[in-house]
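What follows is chain A paired twice: with chain B in the first complex and chain C in the second.
Right after this comes the complex of A and B.
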């Protein structure tokens, strides 16, 4: 793979990765949000694949490609399927009243992107390779995920926000280092899977107990 | 390097650890005995170590792998040895006493004191108190100090299942001791930072070259921290709460050994590490000491709770010690070093004396508490015939504490008085103004101490029992008697031949004031600086001879007259009841009246008229209470302010998950923005 193709493919993967996160803010339909999340998982897997192919398939690259397959299975297939099941079980199909409306959310996302570009300048300056140039994108996804956690009411949106943060962190890890050790990535993936399973159970319980998953209904639970 | 001091100190620490593990694992039946014997052995070994250090066998050790990063640095000099020996002696008495005290009595006492926690923590508490004066670096010192604070806190709350007030006392103690630790930590960390090293040797060498501002700040912070441990007004509030609520042998350890370490800290930091300082430091110490002495004894004089009375008396005695330290420092600045050495010797001797008689008094009070379940003097009485040993012990302690001749308290207070009077002509206007005031404070506190202990002994032990519990009192087990007896023997020895402590004290003083020998003599104490002498033994012999002669004369005189037996005259009112006796409250009432402005007692008179007529009285209830005014005026507003801030902060957490997440999000982005802008 020539360097030009590498950079273009990398940029494409990063672009899809970021766009999926921004679109999560835009859509209110929970099923669509889950589809966007699956798309982002696929983009992350593609990103890792591109990095692996660039490293060379006979060396460290092979391990990266294997990891990419794992990421694709987990983040583009398994987790979205779990989430979709949760959507299907519950009656709520839409994020009706986000705490920050869609237009404002998109402006905030733009602001967060600016912020992460400003903050990561020193990191990029350390080693200005194409991969490191994409680190601000990954950080933006982390911040957007955090913002989703803060501004969305439904439990499912919260889970997606949490997973966006995790996707972003994984992307930062792959972009800044030349590949995360398999054992670390396995550990992280297992954690995420377990967290989603637990959250799914909790969501079902909340729905059974309160008839909805609006987190602000839980106010009375404090001391 | 092996020496007697090091070997004995190691043996002592080893014995405490063994005792602690015995207390933790052995079955309940033999637990108190095993732990008590171990603790007593640790105390005895500590006495050997301390005395060896005071005879000049200093010892130091450096154990780099024991604590991570800093290591443990130990050094015992004569000054530390003095405090180690005192702590060890108190531990011996308290441990032997504790064997009997922990055994459940019929009806009262016991209170689960033979439980694992108390039995295992008590030896650790002793070990921590032995380590504090042996520490020779900041980290070692702070670790030992904190271990001591935590162990004592656990012991204070030992009886929390039996009384509500224990929890409150524990809370006060925990807060005050940790605030004190913060002050000490700040002081020692600041000193170590300025000296570029945390060993005491390093700090001692570097202290000369530091700026006066740094030295002053270090001293004030250290003084505040150590003074709160020593129970100096206005940082004393924990003391009259925690000492009464702790089990009595723990009270003895705290009041006779732990508070001393506050004094040790002030001497070590002020005189030794900082090498003395400007005049205002010592005026501060002197003033705090004088106020503490007066306020403490005044509160003790009106207290009716026996152990609270003893706790306030501790405030008083620590105040007197601080008067000595302050005078010593002041005289060093005035370049009157022989007199300064005399004042310091008096202060250290008073530490020793106070430990002896306060151990005895708390142990005797515990014996009363165990036998009757009462601490209220107004409800006691008549114990002389029921508990003769305890009564005799308390009498010895009360005599010592009231600073009258024949008691050991008298010797050190006399030395202190001599040094204060002798320094009138030294050091210009400031000393000429301060010293007479200090002499006055000393004299007033000594006078009030007599009234206090006459009250405690007279209403508590003499006359008739005022309640059924006091009437049913029985003498305590032999182990408690042995513990009290050992403390009483120390008191008597210190009272009659105080000169045996003089060489050790002189070496301890020479640690901070080299080359000064303030007191000399075997039977008669000769003061080089104040050109006066005193011989406690001769006074005692004289008093004994005079008393014997007087008794013989009386006996001789009464044989001339015919004896007639009749009922005591009672004004024709019928038989006298225990309700007619002087109580502790009524005995102290004149004093309370005189010092009304200081004590501000709360009295509450409720007159309930009959329903038919407002002029006919149905019942009158009278309630009087003397609270701690410093607590209500100084601490209550502070606590109220802290509570208000806490309540306001609760509004930050309203239960909304989104709000909590938003705190994190805004903080995170805020930090990132600051980074982006500033980089």
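Right after this comes the complex of A and C.
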């Protein structure tokens, strides 16, 4: 793969990765949010594949490509399927009243993008390779994930926010270090999978007990 | 850009003004026809907008009682800005003699000038609908203009110039730039704002006369006869110019470049045909998309435009930092 193609593909994968995160803020439909999360997982896998192919398939690159396959299976197939099942069980198809309205949260996303570009400048200056240049994109996704966590009310959107943070952290790791050891990535992936399973059970319990998953209602509970 | 005027450039600029002036009602006709066919109607035919214009032009010019020069001048200003924009924007040639003015800010300002003139005319009539339409149009315009500037600015960063001809030329020489994230984000943002600016579904419905939903139609409600013909014709030209701008910024193939002498002159008919095909294709796709969409509530429109603004801003950021 020539250098120009490598940079183009890398940038394209990063663009889709970021776009999916921004669109999560835009859409209200929970099913659409889950689809966007699956798209983002696929973009992350594509990103890791491009990095792996660039490293060369005989050495470290092969391990990266194997990791990419694992990421694709977990983040583009398994986790979205779990979330989709939770949406189907829940009967709440929409994020009705986010704490920050959609137009404002989109503007906040733009601000977060600029903030992450500002704070990662020293990191980029350390090693100005094309992959490291894309680190601000990954950090933006982390920040958008945090924003989703604090501004959305439905338990399911909050799970997606948590997963956005995790996707962003994974992307930062791959972009800066050109390869996370397989064992570390496996551990992280298992952790995420377990967290989502636990959150799914918790959401189902919440719904069974209170009839809804609006987290703001929980602060009014008394013994 | 050399700044020197060539024969081919001058002829090309004149040809593209003529093409836009004559072809834009046909484009509107094609879009209506596509829509009619998809909805199972026979449709009035591609030439219907021209027939409407002819009918309107034969009528007597009437202005409402109490309106002033602003009302009478607005259709002329709207049509004039659209014609100048048609001569300036790289439609068939990148070597227009007005190239020095083919700056992204100048073109945006020209189009905004036309809109503002029409909004002032709507206020001048002092009717409730006129005021409402003007207020809505200004709301949309205030959100659209920064996005147009941002997204074309994102495209201009890698080129190092805000000249539209220079941007199109550089895309011609480096076709792989079209698939970069900068270009994709800017394309989506620009598509949304062009739909908003030209008053198509989901922002405005060009076919409605229902008071509560209309934006553009509410402003031109008081016009009749030749004035109305001028407004309709200018709106069609704006649609054509904006669609053509999108087409040539992201798919400039076929446009006559910086060749010299007779080669450039010979390339002109091809460029005009390519442009007509591209715009017809875009317009047809837009009309087909409209069939499957409902108009957004007015309160949701800022959300849509804020989204496209964020995409444009991300495009600018990406053009600086991913490079």
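The definition used in the following text is that the second predicted complex is superposed on the first by the 219 of 223 C-alpha atoms of A that agree within 3 Å, B and C clash if a C-alpha of one lies under 4 Å from a C-alpha of the other, contacts with A are read in each partner's own complex, and residues count from 1 in each chain.
The working rule: a residue touches a chain if its C-beta (ideal position, glycine included) is under 8 Å from a C-beta of that chain, and two chains touch if they have at least 3 such contacts.
Keep in mind it's a predicted model, so treat the numbers as computed, not measured.
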| item | value |
| --- | --- |
| Joint occupancy of chain A by chain B and chain C, clash or fit | fit |
| Touching partner for A:115 - first (chain B), second (chain C), both, neither | first |
| Which of chain B and chain C A:126 touches, first, second, both or neither | neither |
| Chain B versus chain C as contact partner of A:18, first or second or both or neither | second |
| First (chain B), second (chain C), both or neither touched by A:198 | neither |
| Partner chain in contact with A:182 - chain B first, chain C second, else both or neither | neither |
| Shortest span in Å between Cα atoms of chain B and of chain C, once chain A is used as the common reference | 16 |
| Common interface positions of chain A, toward chain B and toward chain C | none |
| Contact set on chain A toward chain C in their complex | 4, 8, 11-12, 14-16, 18-19, 22, 26, 101-103, 106-107, 109-110, 113-114, 117, 124, 130, 133-134, 136-137 |
| Touching residues (chain side chain A, partner chain B) in the complex | 99, 112, 115-116, 118-119, 121-122, 143, 146-147, 149-151, 153, 215-216, 218-222 |
| Partner chain A, residues of chain C touching it in the complex | 176, 179-182, 184-185, 302-303, 306-307, 309-311, 313-314, 317-318, 320-323 |
| Residues of chain B that touch chain A when the two form their complex | 653-658, 661-662, 664-665, 668-669, 672-673, 675-676, 679 |
